[in-house]
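Same chain, two partners: chain A is paired with chain B first, then with chain C.
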Partner chain A sequence: MKNQTVLFRSPVPVAETATIAGPKEKEGPLHAYFHYTLEDDLLKQDSHEHAEIRLHVGVLKQLLNRAKLSPQEIDCAFAGDLLDEIIGSNFAMRELDIPFFGIYNACATFGESLILGSCMIEGGFAERVTCSVTSHFATAERQYRYPLELGCQRTPLSQWTVTGAGATLLDKNATSKIKITSGTIGKVVDYGIKDANDMGCVMAPAALSTLRTHLQDTGRTVDYYDKIFTGDLGYSGSLLLQKKASETGIILHNHEDCGNLIYNRIAQNVESGGSGACCCGLVFNGYIYDQLQKGRLKKVLLMPTGALLSKTSSLQGESIPAICHAVSVEVIE
Partner chain B sequence: MILNKEEQKVYKKEIKDVAPKTKHISTLLRAFFTGGTICCIGQGVNQVLGILLPSLTEEDRGGYTTLLMIFFTGILTAFGVYDHIGNFGGAGSIIPITGFANSIVSQAMEHKREGIIFGICSNMFAIAGPVIVMGITASVVVGIVYLFL
Partner chain C sequence: MKNQTVLFRSPVPVAETATIAGPKEKEGPLHAYFHYTLEDDLLKQDSHEHAEIRLHVGVLKQLLNRAKLSPQEIDCAFAGDLLDEIIGSNFAMRELDIPFFGIYNACATFGESLILGSCMIEGGFAERVTCSVTSHFATAERQYRYPLELGCQRTPLSQWTVTGAGATLLDKNATSKIKITSGTIGKVVDYGIKDANDMGCVMAPAALSTLRTHLQDTGRTVDYYDKIFTGDLGYSGSLLLQKKASETGIILHNHEDCGNLIYNRIAQNVESGGSGACCCGLVFNGYIYDQLQKGRLKKVLLMPTGALLSKTSSLQGESIPAICHAVSVEVIE
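Presenting the complex of A and B:
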C-alpha cells in the first residue's frame, strides 16, 4: 500500500457481472447493456423495501447462475445499499448461504466493496468474492426526501436515484483478462454544503481529492486511462469537477459520469442526472464491463462517489461530508 | 478534511456558476394558472352546491365545498395523479387546501405498510403538522391581541 493506494501485485480478475435494471433505466440509453430489466419497480411485493430485497437476492442468484457456481463456492460477499441499517443487503443475505460483510459508504459502496474484495483475494484469504449493491428510487425518496405521491417540484440540481442491482464476481482463478490493478481509498471531504438536493456539488471535491491522490500514488497521468468514470456527480457536479480539476492542472478530457450516462437527462426529466448506490453498479457491471470485454476500453478508472448524510444530520444543520473511492480496472492480456 | 468558512463561501460561489438556474417566469406562470384553476373548480363546486341544495346557507356551502375539494384530492392522490399536478404547478397546487390534503394522504399511503397506528396514524401529519401548529399558535396570539384591543 502506497499512501492511500493499494497496488495489487497480482491483479484480481473480474470473472462475471450481473445487473437488474428498473423500468426507468430500461428506457435510458444504456438499456441494451443490462442483463435483466424490470417492468414494474414493485416486483409484486407489498412494499418497495421488500422489492429492493428481492432485487438483491435476484442479482446475486443471477450472478451465480451466470458463473455456474453454487453459493457454497463463494468465500465471502460484500454487499450494501442505501436503506437504514442496510436492511436490503442484510435481509437478502439470509436467503443465501454465503459468509457476508455488510458495508456502507452511501453511493460509494460499490467502490468500497471492489477494493475490499480485491484485498481479500490478493491477500490470499479468499478465492471467490462477490461485490453487490442495490438502490431503489422509491425507498430512497421516502428515506431522504418526501412521500412518492406528494405533489412537489424537484429542484434543477436534484438527481434521480437509480432503481436496480449490480453484482460483480471476483475470482482468483478465473481466466478473465479484465483485472482490478489498484484501488485508492478515499478520505472524507467536507466543503460545508448543506443543500441535500445538491449532491453532485457536494461530492465533486471528494472525487477531485481521490483522483489527485490516485494519480500521485500511482505516478500515472489522466492520459493513462481510456476513460475515467465518476459515480453519480450528475450534470452540474461533473462540470464542477472538470473546472476544479483544470484549476489544479489536471485536464479531464476523458471523464464521463455514470449519472449522466444512465439516463437521457432532458427527455427523461431527471434534472441533474442519476444517483444512488447502484448508479455506478449498473453502469460498471453492464456498460463498462461489456466495453472492456469487447476491447473498446482497455484502462478504466472507476470512481464511485458518496454523500454521507442522513435525514437527521441534515435536519440538525450539519453540512454534508462526501467520500470517493477509485478502482482501476484494466484489460491485461 | 473540512474547509474553513472563507473557503466555503468561495466554493458556494463556484457552485452558483455551474448550477442550472430555475426558470422563474415559467414556474410563476404555471403556479398562477394551476392555483387559479383549482380555485375556479372550488368556486364551481360551490355554485353547483347552491343549485342542488338551495336550503344551505352560504357559510355551510363553503364548508361543504372544502370537504369536497379535500375528497377529490384524496382520490387524485390515491390514483397517483396529484403528484404530477404538483410537479407541474408547484406552489400553485400546494397552497390551496388541496395541497394540504395531498400532504396528509401521500404520507398515509407511504406508511401504510408499518401498520395503522405506528404507520398511518403517527406519520400522517409529518408534513402537514407544522402548518397545523402554526395555525393554532397564530390563532392564540391573535386571540390575545384581540382581547386587549
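Presenting the complex of A and C:
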C-alpha cells in the first residue's frame, strides 16, 4: 500500500457482471446496457423494502447464472445497500449459501466492495468474490428525506435515487482482460453542508480529495485514463468537482458522472441527476463494463461517492460527512 | 481459504487494544479490565447518538495514544456500530485522518473487522490496521425496540445493550505474541424467529453453524481452545447453543459468552445478559486480551454473533436473520 492506494501486482480479473434496472432507469439513455429491466418497481411485494431484497437476490442469482457457478463456488460476498442496517443485503444473503461481509459506505459502497474483494483475491484468501449493491428510489426517499406519499416538492439540487441492483464477479482464474489494477481508499471529508437535498455539493470535496490522492499515489495524471467516472455527483456536483479540480491544476476533460449518464436529466425530470448506491452499480456493471469489453474504453477510473448521513444525524442538526473510493479498471491484453 | 476459513500462514500480531466502558459496565465483574470508564453515558452531549460518536473517537484516540502512533501511521480503519447508516463510525472517522472501510454485521461486526483487518495485513496491503466498534444502550433501545422514555417493560429473554467502545490495533511488525491465526467467515442463518427481544435464540443457530464449520475447516476439536467465547448470546442463547451443540456431538465444556461475563446478570437486573456490537468489543479488548497477555489463556476462539434485523424489517413482519464470524487468537512464543 502506498499512502492510501493499494496497487495490485497481479491485477484482479473482472469475470462477469449483472444488472437489474428499474422502470425509470429503463427509460434512460443507458437502457440497452442493462441485463434485465423491470416494469414495476414493487416486484409484486408488499413493500418497497421487500422489493429491494428481491432485487439483491435476483442480481446475485443472475450473476451466478451468467458465470455458470453455484453459490458454493464463491468464497465470499461483499454486499451493501442504503437501507437501515443494510437489510437489503442481509435478507438477500440468507437465500444464498455464501460467506458474507456486510459493508456500508453509503453510495461509495460499491467502490469499497471492489477494493476489498480485490484484496481478498490478490492476497490469496479467495479465488472468487462477488461484489453487489442495491438502491431503490422509494425506500431511500422515505428513509433519508420524506415518504413519497407526502408528495413533498423536490428541490432543484436534489437527485433521483436509482432503483436497481448491480453485481460483479471477481475471479482469480478468469480469462477476462478487464482487470482491477488499483484501489484508493477514501478518507471521510466534511465541509459542513447540512442540506440532505444537495448531495452533489456534499460529495464533490470527497471526490476531489480521493482523486488527488490517487494521482499522487500512482504517479499518474488524469490523462492516463480514457474516462474518470464519479459515482453520483449529479449535474451540480460534477460542475463543482470540475471547478474545484481546475483550481488545483487538474483539468478534468475526461470526467463523466454516472448520475448524469443514467437519466435524461431534463426530459426525465430528475433535477440534478441520479444518485444511490446502485447508480454507479448499474452504470459500471452495465455500460462501462460493456465499453471495456468492446475496447472502446481501456483505462477507467471509477470513483463511487457516498454521503454518510442518516435521518437521525440530519434531524439532530449535523452536517453531512462524505467519502469517495477510487478503483482503476483496465483492459490488459 | 479452506471452505469458509482463512488460515493465516503468518499470524497477525494484535499490538494493542483500547476500551471505554459505560457506567453500568463499570459496575460489572470485568470493571478492572477496562482502560477507561464513564460516570455519565451522555458524555455531556445533547443526544446519546452524539455520545456514541464521542465514544468512537475517544477509543481510537486512546488506541493511538497507547500505541504511540499518529493517525497517519495507520493504513486503514475498519469500523462499525449499530446506529442506522453506522453514523457512530462515519462521524468518528471525520475526525481521524485514516482511510476508512465502513462495515456492518450487527453485533458480529467486530469479528468481521478482525478478519478483514488481518487479511489486509497478511495480504501485504497494510502494515497497521485499526478495528473498532461501539454500541450504546440508549441509542440501540430506541432504534431497535422502543425509546427509553416510553418506560416499556423488559421481557425475561431480553438483553442489555452494552454501552462502550472497543478498538484493536493489528500491526504486522509488532512484537506481540498474541496473534490472529485464522478467521471463519459466517453465512446468514434464519430459523424464522421474529421476537426482537430474544436475540440469544436468534443468534445461537448462527454460532453453531460457524463453530461446526470452523472445527471442520481447521481439523480442530473444541479441546484445541482454552476458551471459546461467543459474542452476545446471553444466558438463554448460551444454553441453547450448548444444548444444540451437544446434539451434534460437540460438548462445549470450555464455552463462555461475553454477554454473560460483562454483567452480574441477577444483581444488575439485565435479564438474559449483555448484547451489542461492543459486548465482545469490551470483553475481548479488555478482559480476554489481558488474560492472553498474562498467559492465563493461550488459545482462544472469539465468535461475535449478530442479529441482522432493522426496525423496518421487524415492523414489516420479517423474521430475524443472524450471522456469526469466528476468529482464533493464540499466544505464539
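Simple rule for what comes next: the second predicted complex is superposed on the first by the 333 of 333 C-alpha atoms of A that agree within 3 Å, B and C clash if a C-alpha of one lies under 4 Å from a C-alpha of the other, contacts with A are read in each partner's own complex, and residues count from 1 in each chain.
Throughout what follows, a residue touches a chain if its C-beta (ideal position, glycine included) is under 8 Å from a C-beta of that chain, and two chains touch if they have at least 3 such contacts.
Note that the structure is a prediction, hence the values are computed from the model and not measured.
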Partner touching more residues of chain A, whether chain B or chain C: C
Touching partner for A:Q216 - first (chain B), second (chain C), both, neither: neither
Which of chain B and chain C A:C76 touches, first, second, both or neither: second
Partner chain in contact with A:Q293 - chain B first, chain C second, else both or neither: neither
Touched partner set for A:P147, first chain B, second chain C, both or neither: first
Contacts of A:K243 with chain B and chain C, given as first, second, both or neither: first
Contacts on chain A seen with chain B and repeated with chain C across the two complexes: 46-47, 49, 187-190
Chain A partner contacts - residues on chain C that touch it in the complex: 1, 4, 6, 46-47, 49-50, 75-76, 80, 82-87, 90-91, 93-94, 97-106, 112, 115-116, 119-120, 122-127, 185-190, 308-313, 316, 318, 321, 323
Chain A-facing residues of chain B, complex: 1-3, 5, 7-8, 11-12, 14-15, 18-22, 27, 77-78, 80, 82-87, 89-90, 93-94, 99, 102-103, 105-107, 109-110, 113, 127
Sites on chain A touched by chain B in the complex: 46-47, 49, 142, 146-157, 187-193, 198, 201, 205, 209, 235-236, 239-240, 243-244, 272
